[in-house]
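What follows is chain A paired twice: with chain B in the first complex and chain C in the second.
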Partner chain A sequence: MGSGVNTATWSLAPVRREGAWRAVFVALATLPLLGLLVFVAWPLALIVLRSITGDDHAWTFARYAALLGSPRILQAGWHSLAMGATVTAISVSAGFAVAFALHRSRLPGKAVMRFALLLPILSPSLVQALGIIFLLGRAGLVHQVTGWNFDLYGFWGLVFANACYGLPQVVLIVSSSLAGTDRRYYDGAEVLGASRWRQFLDITLPQCRYALVAAAFVVFTVTVTDFGNAIVIGGRYRVLATEIYAAVAGQLDFGLGAAIGTVLLLPAVLSIAVERMVARRSGRVADGAMVVQAPRNIARDVGLGLVAFVALAPILATTAIVVYASFARLWPYKLGVTLANYHVNLADGFAPIVTSLQVSLLAALVGTALLFSLALAQRRMSGPLAAVSSFLALLPAAVPGLVLGIGYLVAFNDGPLSGWLYGSIAILVACNFYHYHAQGYLAMVAGLRNVPAALEEVAQCLGAGTARRIGEVVLPYAAPTLASVFFFLFMRSMVTLSGVVFLVTPALNLAAVAVMQLDMNGSVSQAAAYATCVMVVTGLAVAAMRLAAARASKMVKRSRHVA
Partner chain B sequence: MDAVHADAAKLSVDSLGKSFDGVAVLHDISLQAQAGEFICLLGPSGCGKTTLLRIIAGLEEPGTGTVRLGGRDLAGVPARERGFGIVFQSYSLFPYMTVAQNVGYGMRIRGASGHAVSSRVDELLGMTGMAGHAGRLPWQLSGGQQQRVAMARALAVNPAVLLLDEPFSALDARVRVQLRGEVHALQRRLRIPTIMVTHDQEEALVLADRVACMNEGRIEQVGTPREIYARPRTRFVASFIGAATLLDTTFVREHAPALLEDRPSGAETAFEACVRPEDVRLDVDPAGDARVVDVQFLGSVARVTAQWHGKSLLADMHPSRTPAPGDAMSVWLDPSRSTWVAA
Partner chain C sequence: MGIRGTITGIFFLCLLAPATLRAQTLTVYSALEEDEIAAYLEGAHKALPDLTINVMRLSTGDLAARLLAESAAPRNDVVWGQAVSSLLDPRLAGLLAPLSSPRIDAMPARYRDATWYAPTGYVTAFCVNTEALASRHLPMPRTWQDLAKPVYRGEVVMPDAASSGVGFMQVSAITQLMGERGWALLGKIGENVAQYTPSGSSPCKLARTGEYAIGVSLAFVALQSIDAGYPVTMVVPSDNVGYELEGSAIMKASKNKAAATRFLDYLASPDAARIYARFKTIVTVPGSKPDARQVQMGLPPDLDARLAPVDFRMAARERSAIIARFKTLEDH
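Coming up: the complex of A and B.
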């Protein structure tokens, strides 16, 4: 514009617009990157800084020395390691078997299996722990019926609850590499004379090995940094996560919290490194891959069916028993149906569920918009800017929710932003969104790869403006991804506990936290009732949104045909 | 087909049928491959070529019918015991094994000693021109090199039958021509009965001893490339292989009665005359009854499309003597070179 050259031909027009196009991308990138700096980089830097400075702001390793010198912390650290390793071993082996059953067997009832795997993702993170307490605890159904005593609180109870949560994540990660294996690898080996067992060793295992490693790291990290289960069912088996919670929420000792938090960053950082390596090694699923169809094999299916049953039945059972117990008069002694547990002893009653809905919708909406513009801008970035941007976008994956929550406490408790952030809904929205930023970002980037660059160029050559280009070319292709990122952020925000547990205030509580508070007050049945409400609300919201998305995607498909 | 013939056939497929979820995809397929014979399964996408090949390999159960090898019924013999070799269009090589490990895989499974495996691997990599690449991983090879290795792997176990499912179709045109020449020479030398799936008619005509032309789950015609081209038996074969003009009986009776002579007896609509463009003679003739509508330059010939009593007639002419669109032409069809095909 305004170049003063009168001979501007039509061929110059796209070049000029390209300048404007670029400016739009810079604008698109600014807000998401600013958000990452303020809500991820800064709190994280403050935590690390706090861990290596004393209360007098002088550099010191005294906090780490204190950690190493405290038998209590060392024991908790050892417990975390032992528990993390046990949960990882169980989740990875069971998860691999379940994923294998889903993709390489002719087992009936795969829908039930998928449903069971969805439950821990849909329900507040304490449901599995509550469920096993109702089942095997001192006032549990099994004790009531048989008189047997289990020492549930402690190592094994904790392992069980965490394994229930870790299993679906393993299945998810391993499934993607099992699903991406082409049938012809197996056909080729079969024709060359390989037995089924050799095919498993020579094709299936190598295809999955990186996914298994990645899954192990993810589960280990999640387990070691999760403290909801540890509080509810850990009993006297103290782990680092409960120590950090006690230090920060109980004694307001941010220094100690910062030091443990920094230590907990390590496995997470390691797991990111491994995951990225895995992503690079496992390669893409090329076009036209043929789905593997399991040959008929009764023995295999019976075996896998048993394993899948053993692995998934507890998830179904614990969830079902939580729902059941929430309606019981006096669990487990009087099982008559009552709604009494739904009158909860909380000052604000069910308001936290409404708040959770608000927070989750906002986190999903704002988050999807920010991720979309960042991913869009990333397509046009190059050089150091692109590297910085993608580093920032993926950084949250290395930050456990627990650490992020403490970071927010340290960063926003006082300081310039505290006035309008502390105790506001905004900080909860930010915490939930940035906690899951990396996963959402990866999904978004992958989804935008489906937008054909050629189509975008054609639209550009036809002289389409920027807004039109995004609206008419990019959006139709990105719509399914936008929807799935939205669901992901919404569901995670509804049920996640870590992070936000440090940020809620008596005046502004969240549903997942309320479940934990009720349990800690000893109102276990009310906790069950509350958890049931959350599951129903989340389930309904997700079902409604899926319906809407299905309708939208049908429309998009139609418009794509026209395009 | 008599019993003696069946035994002589190395590989024999008899009245094979197959359906998926109630949808029939193969109907009554019969096919014999003699020792050392190269057969191409040619047909449009989705006609069941891959399914037929997979049934022969034992990777898919036949619905009805039998597959025999040297007279022995293969029903119930799993793929891994048939001792065949197979090469796919892609995804042939195990991605986590080196070239040498891939080629030696079948032998290792059969328990061959390390020394025997490595000398056989060297031999085959030499034979397929891949000698320098033994330590590479598949993704470090070009598409053509991957297919060479896949071929070496299939041949390493001295397969009784070689099955190829569009082995060249993911390659660019030049590599494809080169590789098919090499495969042809290799197959001639080793004399392994080979069945290759392709939808590239040129590939089929160049490579095959016999072509089996498939359409919608049926084999419409089996014959040498010459037979298939010069004497197609059905309308589908005539139009799928090479260019042809098809003329219905009524039209022929009116405008080219000379062709009627060798028409098989049958209903008016049962047969159509098939004339290849190179067998049509067009002469510039102001009184002619055909009119040129289009001239395509194809290099060695020019393909003329002429409007002839409402039909589009294709004719090849020498490129130096092509008419211009709009020119009037007289038509002469050689009765000895036209065929009647089932409509």
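Coming up: the complex of A and C.
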């Protein structure tokens, strides 16, 4: 983040090295920036252009005038804002509490908490909404057991669905900050006699300020652009994202859809500006942070435990009920157990899961590498380049998947890159990675704040080569962040739907699209069964990779000891 | 096969693609259901063993959006089973090639045009959940007029004409035939509507699981739900039966028009019609009628005569005006 932080570093370096440094950072920045230009800026520019091009190919702002004059659109806009604000408030406060419980409490069962947090990230979009209906619908399990009548469909149902999805993303971003706060701050405060509450206000919160703002940005934009939940749970509560769907798929009015999509970018652009401001004002994490050990405090643990339970139990329940429904003969009427739903009526059977695995591995590998070099290069960037690159890095969060998918189709169906991209795995990889670029980027930036600048400078003065410097100084500090970004991208790629639904071809189908096809085909139970398979495969893949990574790092440590 | 193997494989496939395409491979976009596609393809494979047919299934709206987005360089040879009211949209109609074959030309004129023909179609039906109806002590609705009665407040789910082709079909059938009275009726029904859904089959899916008592939807989803064992009764409203045709066409940009024509000609054959009977409520291939099982589940035996005489071209022309007016009902 950069501006003004590292200019001093350069003057410390021997003059003849400066050119080499610069070249390395230019090289680091080039690929990620090029990717952002081709896969974010270009498709979005085409979309914005579409919104101001009339049917007669002349420029026009008539669509925007019509939007502003339409009470329906204004109401949907207000609904989107109210929804975004409510979900952000709930997700950020609950997510912060859960992250705090994970890093600063002596609560038992953290593994269960981590598991629950994974579920919304690795469950196919459609299925999460289905689970909520199975659980809380007018004929849902809660109604059946308690006889309680309440109407799920509408504002609060949608808040619930979106908050379930927002919460783990808050925890992901905030955790990297909490983990990087130095214990010595607290030791010092303790010696000076500051109360625990004072320590929380004066150390913990300021240290997390950047992460909290970043998390709020992510939750707000993701909520405002979501249309999967809005369509299934929203009922008659209309938001802008559903208006885009009606314009594009219902009325084939791409111009109108593009105009609403462009309006949706506005709050995001504002929040990006806020993010930049906070990023500049936030201090860096202390050098050589020592991990904080939570002191014994029963009251704190009980409180956090309650909050974590209230926040995470619904997530566990909605996923559990989908798995349960996948074994039911006829949900919700015949609940006897059967495996019949696992014989899916799909021409290509379970092959889409294999394709999804390949796409997701590539998206996660390429994505993590690009995000890492971007975040690293940005430590040296300043001025307009820094602003533009972080703007582009954050922008995808504000783009509904539907708009991104159509943008890719319009940009890459014909033109110079179409031969390479259209119908290839590459375009699916790109779409999935850039769809979640902002989340990965924010986690990466928050995580790299932990890399001590002083250590880097020492390495530089001692004349360590850049490659070695990255390998030996930055990587050990960044490794946990790299891993969490990698797994986040991997899991989201496995299950995200809205963008890629426009990019799959007859020869190349994905697991999330297969789930949707099964549901459209009339079999909710088969969709649930397929989704369960996707979740299990994704979970196993993540577990296997984590195990391999742990083993590899052990071996590296051992070989270092020998040396 | 590792990732590298896959990438190399795909790279070579891309190189080979133009050559293999010429060897009788058809790329087909379809809005039909997955299970019926499988059955029709099995039949097509027997009749046309030299053709390889790759089908991608999308919902009607997504398919139309995809065709439009790809219109600068279309990727498919055939559109198969897409709502005719969507194919009549001038931006899509302009992408289609003239169509002619012995069997297609023999179809009744009502079911074909210069660029498309429709061997099948679907009709409006209410999915009524009998358990939900009984527990709320409600009478069985038989007509659209019934749906406007205040007893059904909050128990009716309907597709949204602004985003669902099925919803548009229902609204245009009612307003074309009843004019202003039709709009007044839709307004009154609107007071009972709990949700307007973006897809035409969702109302039935919500009704069959008991979320709501009545889903205004399609006959084939109702039949499917009864088959699956849900406590659902299918009601084909006696006062207005909106219907839609599923049109098939060849893309102007297709390089395989001869093979595509053979495929579409097969789909107009009596052989194909026999398979349609397993899935379809409207089969336009001459001599087709609803089968005994469908009639037993509630499909009128004289369905053909009861279809609302909808003018599809007029509906397509007035689409945006109809949708704009429908939206004012929804906002109510």
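As a working rule, the second predicted complex is superposed on the first by the 310 of 563 C-alpha atoms of A that agree within 3 Å, B and C clash if a C-alpha of one lies under 4 Å from a C-alpha of the other, contacts with A are read in each partner's own complex, and residues count from 1 in each chain.
Simple rule for what comes next: a contact is a pair of C-beta atoms (placed from the backbone, for glycine too) under 8 Å apart; a residue touches a chain by one contact, two chains touch by 3 or more.
Just so we're clear, the structure is a prediction, and the values are computed from it rather than from any experiment.
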| item | value |
| --- | --- |
| Chain B versus chain C as contact partner of A:551, first or second or both or neither | neither |
| Which of chain B and chain C A:182 touches, first, second, both or neither | first |
| Chain B versus chain C as contact partner of A:242, first or second or both or neither | second |
| Partner chain in contact with A:501 - chain B first, chain C second, else both or neither | second |
| Of chain B and chain C, the chain that contacts the larger number of chain A residues | C |
| Chain B versus chain C as contact partner of A:276, first or second or both or neither | neither |
| Touching partner for A:418 - first (chain B), second (chain C), both, neither | second |
| First (chain B), second (chain C), both or neither touched by A:114 | neither |
| Residues of chain A that lie at the interface with chain B and also at the interface with chain C | none |
| Chain A to chain B touching residues, read off their complex | 182, 184-185, 187-195, 198, 202-203, 206-207, 283, 286, 288-290 |
| Partner chain C, residues of chain A touching it in the complex | 71-72, 75, 133, 137-139, 153, 231, 235-236, 242, 245-246, 248-252, 254, 330-334, 345-347, 358, 361-362, 406, 409-410, 413-414, 418-419, 422-425, 501-502, 504-507, 509, 517-518, 520-524 |
| Residues of chain C defined as touching chain A within the complex | 3, 6-7, 10, 14, 27-28, 33-35, 37-38, 41, 54-59, 61-62, 64-66, 68-70, 72-73, 75, 86, 89, 91-92, 132, 160, 162-165, 168, 193-199, 201, 205, 209-212, 221, 224-225, 228-231, 319-320, 323, 327, 330-331 |
| Contact footprint of chain A on chain B as seen in their complex | 54, 57-59, 78-86, 88, 90-97, 105-106, 109-110, 139, 153, 157, 163 |
